[in-house]
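Shared between the two complexes below is chain A, which pairs with chain B and chain C, respectively.
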Partner chain A sequence: MRLVGYAGDAAADGMWHAAFVRSPHAHARVLSVDASALPAGAVALLPEDTVGLGRYGCQLKDQDVLANPARFVGDIVAAVAAQTPAAARAAAAALRVSYAELPAVFDPLAAVAEGAPLLHPESGGSAGDAVSIGVRPLAGTNVCHRFRLLHGEAERGFEDADVTVEETFRTAGAQHAPMEPHATLAQWTADGRLELTTGTQTPFNLRDDLAGVFRIEPERVRVVAPPMGGSFGAKTFTRLEAVVACLARKAGRPVKAVLDRSEEFVTLGRHPAAVRVRVGATRDGTLVAKQLDCWADTGAYADCGPGVASKMGYAGIGPYRIPHVRVDALAVYTNLPPNGAFRGYGATQSVWASERAMDMLAERLGMSPLELRLRNLLRDGDRFATGETMHDVHFEECLRAAAAAVGYEQDPRGKGLCVLLKGMQTPSRAAIAVERTPVGYTIRSASCEMGQGVRDSLRLQGAALLGCEPGQIEVPDPDTDSSPFDTRTTSSRSTYMMGRALDEAVADLSANGGERGYGEIANEGGLDPDTGQGIASTHWHQGAAGAAVSVDEETGALTVERLHAAVYAGRVVDRAGAELQNEGSMIMGLGTALFESVEHAGGQITNANLSDYCLPALGDLPGELTHELIEREGAEPHGLGETALPPVPAAIGNALSSLGLHVTELPMTPERVAEAAA
Partner chain B sequence: MTTTWLAPESLDEVLELRGEHGDATVIAGGTFVGILMNQGFLEPQALLSLGHVPGLDGIEVVEGELRLGAMATHRAVERSAAVREGWPVLARAFSLVASPRIRNQATVGGVLADADYASDPPAVLAALGAQVLLRSVHGERRVGIDELIRGHYETCIAADELLVEVRVPPGPERAVYRKFRSRSSEDRPCVAVAAVRGEDGLRVVVGAVSGRPQELPEVCANGGGPAAVGRGYAEAIEPISDSRGSAAYRRRVIAVEVRRALEELG
Partner chain C sequence: MMLELTVNERPAALECEPDEMILHVLRRAGLSSVRETCGIGVCGACTVLLDGEPVSGCLLLAGQAAGRELTTVEGLPAEHPVPMAFDAEHAFQCGWCTPGMVLTAKRLLEENADPSDEEIAAGLGGNLCRCGCYLKIRAAVRRAAA
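== the complex of A and B ==
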């Protein structure tokens, strides 16, 4: 049993605690913040304290340390620090903020309509704010990114189709709900360095973003990332760190913030989305054209919404050979809390839409949905719609395994299938260092532990390569001062990228006296955001799911009797860990499929607690929940942290569809199922 | 604002404090008040905790009548041999609330005094003809669930009174509790139906669909079989719309679940 120190446990001498003053309005200019009633012994961070600071944001620099205007209910307009968390909360309540309300918009389709209130009129149109190559804001609109993919000529392709189906599918917003909330400790050293201990999956991105806020060199910022009690994407990029760092500077002492559960709901969520699919095939079931239009609601700030919209766009094409494809995917600002990375990263929303549309098409063709998919699946050496050539392709194995597990070919009634492809962060870089110690070795890596088991995976891989026991290997917390650079711990890339970097590092150590080794792996590529051509991913996550359901026709209550996922794993490094990833992904997928939904009224989240927001519990698991890891002799390890999530909703939706129940909106509540039967 | 924490150690002390601090919010298990406070819906001047008051968590049978202390937890009721033996439908209804973690904390008195419409116990306690004891320094009164719960989060408990005990008459011959959930297995009910057939005939109470448990004796008296009673309830009730279901959907489910409860009841 190892004792784990989480960010929530971090402490420093003389540390104070933070509390935030949050906007009660969905969109409002802050006229003044009156701190005259601030209790003695508390420090307030006010708008005037942030003059001259830079803006932050991982893909568009559209966030200020303190918001003005406030762009969602819960946006932070001031902050306080005091000796105890309770004193800080009381002090925050003593600040008086006056606002002038502005018109607000809460739906991504309404937000792109003519005359919609603009959230970022001053910056939304400026590509100068784009910090990541390829972000395409549309001037004078709420569109902070438009991703297009053009392959062949879609309109002409549809002329070749004998059968075309079109439908719009929606997915609700969701909460990551990690057990440990966001926690950050910030302090400034005597020589003016900023040091943070924070729950994050992205220490280096965070370091660079904060350096921009405080206009200092990135090396003047140190980020230490202890293990997280869960994240699922919630702890990516800059969350509380900028405001807590600023507060610590004002207070002249270390300041720590730990959010409560209701604050989690206004910190980051998953993009609600609408995806319109049009897909056409010839009579024999050969796909000839596909068109996808996506509206991803990124909330009040872009965060990584542009990246999510792009991945939503190309994941929705599906693992198929289609000669003519057109994708138009928008990340749209609304006056809701920001949405960002979430296990499944854009694929969840578009796989739901596109794989449901495949079953609609099969029905129109009078063909088995399995047969339709098999006929069109990408195979080794095929080119995807991005123009890249696919290698190490296992879609058919995954799909056949899912179909076999639910007995699809024997009797497809009440059963549904889904197959998907999902990209991995490209381009990216992973570096790692190995040092000999008196007890064994130390492995320094910025891969962040969030319960996915990356430290165990590095220990296991290291032990095998170094010829020692896993217990002899120390893996310290990622630290931007001493860990080699890594792009970030996202997109199921660590076992694959960091694992290969470790191979190199151990080879380097062996070749250079056995004391020290350094390894680095990079993958190159990226897509042109205007054409969607290029290398979307150097490493494709591949998976499928099969579901068997029964329905209470009178109430619409849906029971998932059987759920199976098959995921390509290459070579398995940590079997228990890999199995838990599959199970966890499937269970999160069940929540999305059946009941998870962040709800709001006038921009205020109405179910910001775990009584009103439902998460899957043991009683919600299907009678049989099974999965398999598809392995290949001699293969590299393959990322699989989230592959089994996106196929779950469509597999269940297609099982309903086989019973004549056509549901287009997630979650598939009994009421929606009942409406589909009417 | 700071909240005063009052932690009396005897029932007499509680009742005195109730008399002095009519604005204090009583806190039992805290599963409901905790959410309201965390969400900023409730900012009490004072919290009056029952956590240190002995003798309020008893579960006993006296002359055939079940006595549940206000501080008895849902879990204790669910697991009590006496309750399982004499009032199995009650044990079942409490066992269906949320998760074991919540049931270990939430109390019998709390769930009734909160009068949260989306709870399991009120409907079944109403169908069983339960009454509650409300005590103050001036005396004690005994009221039925129907009188206790007036509407959304509203009860007849006076500012100086405390709900100290629930009394349930001897268990009926046959009783059924059906909980229809529209979201997770640990969710509150979308529609709750308690049906009891005893000496006084048939009682059907539908919970979680409006501000207070809905009992329609005239519909039950009309007879006409399970389907007719189900339709009668669905037509007469004005259900609310919330995240568990719209009013129209609840009507549909009420008709089905009342019918099923009566079929199960036999």
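== the complex of A and C ==
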């Protein structure tokens, strides 16, 4: 069996191992770190070692290499390196930290209330060109970003409505739980270059962020990104890299860190959110106005919470024509571990709310939820609430396919539907290089492999364009020293964006003697954060799900009998890979729908292990789990990495609601279902 | 202490600490298919076969393997039907959980040559795949059984 080499398998001569000293308090100033008991042969990174270093963060520079104050239970306040992992853990336990506790806040709504303790009294600096969203912190509050979208006049629109429904929905925090934990190896060369081998989806963002920390040119930082054992957003932007690099500099030797599972839970998660939806329609089921208020709990640091809140805001409008829309979405600091990119990126939370509200509205109108959706779906040439014109639109096909698969029109009882739109990173750039080799070609790009199959996708696309076998194409690991620039491997963009760049590169190679080619693609756009107008996405992910459930009303036990997703794929590049994306997204969506929830008490996570935090296993699959890729002759490939996740919870929730069980909070545990039945 | 055992059909003597789990000892010996993941024996990613039975490498004290026969996927023949079936069915994405899945499936098929879907789900119930390749994993086990 051929084995993959992951970041945790990397080693270097003379390498030591890292361990971290983490705050036991949710919010506390570090008064001192006493290293007098540090065992011989260990090196400690202490607060005084980080004086003068820059801050980091992908959208707001609000993180220090060592935290002070510590802003969540698990925040890293010191670090040690020693010859073995066990020696490093023992050395970390020998450091004595004294703290002065500060008041803490654990709920995004409480965090925006008057008088809430402030996590970052001074807003972090904007993070330059790593971001493109125009971050809007509200000074003197815990709001690190406010996204608004104004289309028409929502208040006047509601006056036209015959029926209006309003409800607040909530989603729990979740763990990405990639099987491979975060792993980073850092070393400094004799001439002062920083070199990292790390599991990351964002090598260039990371390089630039670290250059800012150490105040060196980005070219003095090299990031090599081996394949990851799963990521789902967990390994984006700067995670352990800044502190491990700093520790390696202090130790004067290579240092590697590999997290254990409990540390994973305090490294990054998915934003818990509250989404209030108000939606109105005329008697015939025509949507006239919608208002969304979102609170995304980004935890102690912004990370990409501003981007998540923005996407939560516009994805919650849904794929509908609505003349009057108002969205107000906040990314809010709390004293919990940071939340960031997670497969579904904001859409999961707001699609749950928005699509559950559609079924409430249908019920009030006395109309089929399917018919209500079909009546209002966006079609080719329609304008979305951002003002952009929609092209290559297939929402209706997706929705009809999902409905047909569960026999919705024959009998909607115990069945539910959901349809969604999800954007792709806009603006962004992708570049790629092709070189002839004795056996075929090498394709160099910074598209990172995390199991989604981007290397196979590039090999297959390359082979078709270059007239060779996929096996003749080598795709080396992304390396910021030798791979052309790419914005990042996120938002299901690589097959589409890198594929287009590859077209250009192969054309360049053909025009220039067949030895070397270079291609670059940019998609332009972006939304004004104050009005939500502009281009949210140059390429829309479109999908739908249908579910059939049964319920034991006495115990609240919910059984998903049938689950189907239909996703617009355009042109499929790698069929097995495409199927795996749909299947994996649906199964992750099942976990979100039914049982995944990061629990905490007093800021301390209480289920930080894979026994108490359950992941879907083979036995958790529905009786029938099926899906389809909707293809169109001559279409461009459409990203598929996430689309089938966000519709799953709402399809199941709407199936429950067809039985009169109205659940507003994820996950739909037996306790919540039983409460709805009571 | 020195641990003497058979690893992948060859006698081995491996240096280890008395309180160390076999997972770390095997990794130091270069067997990188054995992967620490949950650390508490619930995910199956560090599964090894001890005298042919699947065990979690993160829960097995190194000393408990003394004198016994231990198998990792590095020890399976290149043409073994179970990994071949995983490959043919595209039953993996990131590949992290695959060694544990393959070893558990191998033992399952030794005990039950023609498992039903329910028996496959029960047999692989202790092996998690966060990429969610379960449909294709189930298909791979069926293919290997055929």
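Throughout what follows, the second predicted complex is superposed on the first by the 665 of 678 C-alpha atoms of A that agree within 3 Å, B and C clash if a C-alpha of one lies under 4 Å from a C-alpha of the other, contacts with A are read in each partner's own complex, and residues count from 1 in each chain.
In this text, contacts are C-beta pairs under 8 Å (C-beta built on N, C-alpha and C of every residue); 3 or more make two chains touch, one makes a residue touch a chain.
For clarity, every value in this text was computed on a predicted model and none was experimentally measured.
Engineer: Residues of chain A touched: more by chain B or chain C?
Structural biologist: Between chain B and chain C, the winner on chain A residue contacts is C.
Engineer: Once the structures are superposed on A, label A:L580 by its partner contacts, choosing first (chain B), second (chain C), both or neither.
Structural biologist: After superposition on chain A, A:L580 lies in contact with chain C alone.
Engineer: Pick one for A:S597: touches chain B only (first), chain C only (second), both, or neither.
Structural biologist: first
Engineer: Is A:A93 touching the first partner chain B, the second partner chain C, both, or neither of them?
Structural biologist: Touch partner of A:A93: chain B, not chain C.
Engineer: Check whether A:G5 is in contact with chain B, with chain C, with both or with neither, and answer first, second, both or neither.
Structural biologist: second
Engineer: So, A:T606: does it touch chain B (first), chain C (second), both, or neither?
Structural biologist: first
Engineer: After lining up the shared chain so the two structures overlap, which partner does A:A674 touch, if you call chain B first and chain C second: first, second, both or neither?
Structural biologist: first
Engineer: Identify the partner contact of A:V572: answer first if only chain B is touched, second if only chain C is, both if each is, neither if none is.
Structural biologist: neither
Engineer: Once chain A of both complexes is superposed, is A:D260 in touch with chain B (first), chain C (second), both, or neither?
Structural biologist: both
Engineer: Just checking: does A:G619 make contact with chain B only, chain C only, both, or neither of them? Give me first, second, both or neither.
Structural biologist: A:G619: touches chain B and chain C.
Engineer: Output the chain A positions appearing in both contact lists, the one against chain B and the one against chain C.
Structural biologist: 260-261, 609, 611, 615-619.
Engineer: With touch defined as at the start, can you tell me which chain A residues reach chain B in the complex?
Structural biologist: 90, 93, 260-262, 554-555, 557, 591, 594-595, 597, 599, 606-609, 611-612, 614-620, 669-671, 674
Engineer: Can you check the complex and tell me which residues of chain C touch chain A?
Structural biologist: Residue list for chain C touching chain A: 17, 32-33, 35-40, 42-43, 45, 73-74, 76, 78, 80, 83, 90, 92-99, 102, 120-122, 124-138.
Engineer: Touching chain A in the complex: which residues of chain B?
Structural biologist: So the residues of chain B in touch with chain A come to 1-2, 31, 35, 38-40, 98-99, 180, 182-188, 190, 243, 245-246, 249, 252-253, 256-257.
Engineer: Would you tell me which residues of chain A are touching chain C in their complex?
Structural biologist: 1, 3-6, 8-9, 86, 176-181, 227-230, 232, 258, 260-261, 450-453, 576-577, 579-580, 583-588, 609-611, 615-619, 621, 625
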